[in-house]
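Okay, so chain A shows up in both of these, paired with chain B first and chain C after.
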Partner chain A sequence: MEKTTPSVNRRAFLNTLGVTVGGTGLIGAGLVGGSQLLKAAQDPAKGRVPDTPFKTGHMTFLTGAGAVLGEPSIKGHTMAAEEINAQGGLLGKRKIETITADEAAGTDACVKEVRRMKLDAKIDMFTGVISSGTSPAVGPVAEELGLLTILTDGCTDFLFDKAIPNPKYVFRITNIQSSDGITAAIGVAQTWPHVRKIAHIHPDYAYGRNAYEHFTLALERLVPGTEIVSESWPKLFTTDFTAHITKIMSAQPDLLVASVWGGDYVAFYKQALRYGLFDKMKVASTIAFGVAPHAIGKDHPEGVLAGVHSNYYFTYPGGDRWPLNKSFVQRYFKRWNEYPNFQSEGAYMALYLLKSAIERANKLTGGWPEDEAIISQLEGIGIDAPSGYLYMRPDHQAYKDAVTGFSKNLPGYEFASWDPARIITIPIRNITAPLGWPKPGTTHNESTAAANWIKTTWPKVVG
Partner chain B sequence: MAFLTIQILNSLLYASVLFLIAAGLSLIFGVMRIINLAHGSLYAVGAYVTAWLVGRGIALGLPSGWLFLLLPFGALSVALIGIVIEPLLLRPFYRRAEEYQLLVTFGLIQILEDSIRLIWGGTPLSADALMDALPIIHVGGLLYPAYNLVVIGIGVVAALALWVAIYHTKFGVMLRATSQDRRMASALGLNVGLVYVMAFGIGCFMAGLGGAIVVPTQAAVLGMGIDALVIAFVVVVIGGLGSLKGALVGALVVSFVRTAGIQFFPELELAVLYLIAALVLLVRPTGLFGTA
Partner chain C sequence: MKPDPNTPRNRSLLRLAAAMAPILLLLILLPTFVETYQIQLVTYGLIAAIAALGFNLLLGYTGLLSFGHSAYFGIGAYTVAFVVQHLGPHSMEFYILIGIPVVAIVSALFGYICVRHTRIFFGILTLAISQVVYSLVLKLYWVTGGSDGLRVPRPALLLGLLNFSGPRAFQQFITSYYYYVLAIFVVCVVLMWVVVHSPFGKALQAIRDNEVRARFLGLSIRRFRWISFLVSGTFTGLAGILWVPLNGLTTPDVLYWTFSGEIVFSALLGGFRNFTGPIVGGIVFTYLKTYAVATTEYWQLLLGVVLVTLVLVLPTGIVGGLSMLGLRLSKGRS
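Now for the complex of A and B:
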């Protein structure tokens, strides 16, 4: 396939990808015109709407190491439910009630729990899920049960590539996993095109493997001629990284690529700092700042490409440019006395996405809409979110611009955050396989549709 | 060569902490014949209490040198928890089948893990002020934090102290007598209940100390206890459950094998420890130094 790809200049290719630096992005934002989220339902709902509660089941990590992401998820969900209920509930009538389930119980227990929530607790909608191990397990069950579902993470490509290639009830609001590795690779190509020797450290499970593969695939095209000099595959939820750090340093790489997350990343950077790792190489991460912002200390080194799962960081879009984000962050801080992360925003938006679809369906049909009517409104819906413009593709995978940034200590925060002048945004459609691209196991056997799409369509740049 | 030196030090650092956890687990099993599944969570409590105390200490303006005095309190708090739960929660189950003990200590894991989250929340707690109070040493162009040497030192001292206590004190004789035959020891007039509380307290103290000294080098994070428990089991499977020597040798084997795996066979990092454990089980089902 390589022979057909023309040679392109790197700068030109990054331009065609629409990469912007410095936070001037917000591509496609405001298509809907103004922030709709907090507007009270001015038009009263059409027809008769019951006032029975609308039950949601929110599954996330309530215990164990994953709870570092689970807590923000539940907080985002709760805040959205409180706001909507304060306006009378969905269509001004149905208050949202939430039952929670602990994702830490394991895949089998999660599947059982989804069944129990639907059949026993009679939930109207299922939301949440963080692990890429959980989403492909619960997704097919939700389809089988006919349970309206908006996954707020569990971002593996596998879910819609293989597990449920033709979803009817299951939607997902987070960016696809492969865009994480690709976003990090673009950040590297944009910032440090001269790196040659690359070291990797990734947790040894689906997410780490996916990040490694897609980063490497994209970088091979954006910065040809690099070589991998060291690999580390620590167990997920490891906290001792000293041996990995010494190994990485012994390989003397120019760049370390990491997808270690949550408490693992906090433990990792604290050790790496004292071993002098950050002085010896550049560091690019897919998800370093994905934890709740205050989990990162002031001791975090500056200039690290500190990814946020390519989804959302609370300082972007910043200032007054995107009032929706400003007010979301303020309300979140007021409610929880901390800043939101991408899980908070995803879980928060899942309920507003639902609200919006229900209101649209009500306008068309009157009364409380059937699930089918809500689903048809969710497909292709566009909505303004704190992170920018959110679009739900007809194939149920949400789209929002990928974003990443560089760590910097700003005086206003008690933790390291992003350098506002160096935030990188990329239109998501330019780094994900388009709608209808052949899925793995059809015309190709790559691990993801995205991998096949990159191999087939991206040129290798020169210069 | 500098890399090799650092990797050896890294292994000793990991071994120190592992030994503290596994020795406590082994001691408790040796005396009371109970496998305390909550042992890892007690280690986590030690880490959280220490990190919290250090945070309080900094907030109160304690000079960083004084913060070191807080380390024993992290360990002592865990010993205190142990002294309370042994007679109240565990003792009624010694005469029951093992399944009951496993269930009770598994329940204890859930209680401790949830308590940690309720008290300290999901955000990692750090105590790196202790690490930064000591210099960073240069080893042939590489950096190594002196605090890590302190951890290694504490591991060595703890091993020696435990050895002296068990083999060269009157208490140690009582401990071993109870371990070998509880009813005979009781018939000879030993206060077996007291020995049990003491042994459990010491075992918990070791776990708490492990957590206390490791937390400045990493951070106290949710789930750290579960991870520690699994690795501690690998250590005692290799070394032999109930043997102090086994805990020491097991900790060293696990640490050095893990480091070698990370350095030379990164793809096998997860598998290599369990391979060694499986091998030991095949050749010596009771572990290298296990009896019975």
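Now for the complex of A and C:
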């Protein structure tokens, strides 16, 4: 007998999900068993610590259409390294040195690059990665080489669901990908519950497929009765979207859902403007404002649900409410003369996360900690980040509150940014499969653990 | 009749053996004095050399420029990935056993279509067919993993005699796999040498140099080209089969036309008028690209400059240039 899906009222359901609008919420990112937050450690390091440099390898898009996300990533990483080195380095002794690799060289070249960095350049840690095509390729390589890794993006569920279901060396600091599509769906359900005809445009690879699937799954439960009237799957790093735009417009949807990112999104919205696409339909994106903020022009239409990969936008938490963000944005602006994006924050925090873990391990045992000791400290660590509270689950996937917002032209910025009154935040634990939820290929064969979790536990709303 | 050791063919085979012996010795001893990373790179290089060697049977010996050899390399790689996914045994010999007939059949099929034309028309046809394969692999997301590709774990070697697990499994695998590839590489070089020095190889060269005359000699030109295409595609496909366990994953990148371009580049780099040219080219190109990507974000520019310089200054490639230099030096001395 088929189990009947429980039904609830939409407003009640959104409330149980903990959705907050207006950007007032600052919710603990699913901290379990009390706060494990750290104060910046001021105590001197214990034991003998070598003064050899600590070598990191940072991989990101240095060229091509991905570079609008890649540059902020390397800038965030560099700034953190400079700050830590100015205090003498890790444990006050080991200066951070960085070598870089261009992710644009292609998936296969990236695999070779990670091996080169570990075996030839002898890096101590690997960080970075933007694309969800790259992380499942390099993750297993890092495990195979025993290379301590904090991926700053490459957020696909597939990485920890299937590619490395039991990671030892690989951690990931960005929110998991499925939460991205779900966040956008919640934004839509909250704002435009009357949309019925939906068009999709997504890059034709892991990220686009995942965004499409999880958006649809969540929306089916939050806004029943919608239908998909058009699907477009442009290749990643496409620059000409005109054929897709005309196809979308001829389907006359109420809502367009987009997960094209980086330079692709910039090209897309500029071309869509020429066709008046934004006047004809609502637009919800998972990652429109994920690029470096200044890559978006003043010509960007207002009122678009402009996601940031459900991670971080530099105006939130705003004002003086969360001084950590205010000072991060100020220092970043001073250093690079631009505002940070979620990649900057992720890459910046990856090094601070490492720093905290090393300091904790050092306090316990003295001397320079082994990788094993660093790993055991990283598992379950909680730390204050510019974006809010960051928590590393014991299964190596980080948690921070999902956030999205609506585009608006504010006089203070040279580019379209977020309407401060309409920022949506959702506690991440309410939209992610909980720790230990069965992975695909075990008790179910859904594409992700999150998909299975939604299907089994989410009710369907009525009215 | 006893074979005469002084026939030109046997003499040339001896010359090959004499030239190869010291290089082979060096390659066999290599893992004792370089690190895993370099062994891995040389393995990639040897595989690229097999691909370029196969490619050059068409370009250098038959006079047909294929811009679609990524198709055979990629089909080899994807065949292994499908075998891993659906058939089970993680044995390298099994992969090769299944993979070679598949690439041979595909090469025969595509070759049959392509050799009906020559020159630019042949090039465009090969390019078009490889792009069709690329698009299919990219779009059939649920079968091929789309742009994410398919993962291939480390196989067991020598019918399961060599298995790799434990903390230093990767390093052990690389060293064993290096010898494995080296052995196959030597077999490939000898086989190709025999092919190009056989009457069949001579016929191909005759067709390359003067098609009309070759036809008057009674050679069935299209069939010769077809068989040459088949052999060429199979060699490149074998390279793909060997490549995928080393890389651990295959993506549509290896089916894209730029990868065909890299095979052409390798042959040009080493010198396509030479038997050893593509071998040297394959290895040098592997190093060139790896270190170009590692040292500068303008690696594409660097590769472009190398290609332009090569065409303008060294049209006969590295091997051609070296042998010319050798010739000049010996002339100067006498």
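In the analysis below, the second predicted complex is superposed on the first by the 446 of 463 C-alpha atoms of A that agree within 3 Å, B and C clash if a C-alpha of one lies under 4 Å from a C-alpha of the other, contacts with A are read in each partner's own complex, and residues count from 1 in each chain.
The rule is simple: contacts are C-beta pairs under 8 Å (C-beta built on N, C-alpha and C of every residue); 3 or more make two chains touch, one makes a residue touch a chain.
From a predicted model like this one, the values you see are computed outputs, not experimental measurements.
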Using the superposition on chain A, decide if chain B and chain C clash or fit. clash
Quick check on the superposed pair: does A:A385 touch chain B, chain C, both, or neither? Answer first, second, both or neither. neither
Touching A:T238, do we find chain B (first), chain C (second), both, or neither? first
For A:G66, select first, second, both or neither according to whether it touches chain B, chain C, the two together, or no partner. first
On the A-aligned overlay, A:D204 touches which partner chain: chain B = first, chain C = second, or both, or neither? both
Once chain A of both complexes is superposed, is A:D299 in touch with chain B (first), chain C (second), both, or neither? first
Applying the touch criterion given at the start, work out whether A:A267 contacts chain B, chain C, both or neither, answering first, second, both or neither. first
Following superposition on the C-alpha atoms of chain A, which segment of chain B from the set 98-106, 152-160 or 188-196 overlaps chain C? 98-106
Contact residues common to both interfaces of chain A (with chain B and with chain C): 63, 204, 235
In the complex, chain A residues that touch chain B: 63-68, 70-71, 204, 230-235, 237-240, 242-244, 246-247, 249-250, 262-264, 266-267, 270-271, 274-276, 291-292, 294-295, 297, 299
Going by the contact rule at the top, pick out the chain A residues touching chain C in the complex. 62-63, 100-102, 105-109, 111-113, 115-116, 119-120, 132-133, 136-137, 140-141, 144-146, 158, 163, 204-206, 209, 235-236
Touching residues (chain side chain C, partner chain A) in the complex: 35-38, 40, 44, 138-139, 141, 146-149, 151, 167, 169-170, 247-251, 253-254, 289-290, 293-294, 297-300
Touching residues of chain B toward chain A in the complex: what are they? 3, 6-7, 10-11, 13-14, 17, 110, 113-114, 117, 121-124, 126, 128, 131, 136, 142-145, 148, 214, 217-219, 221-224, 226-227, 258-259, 262-263, 266-267, 269-270
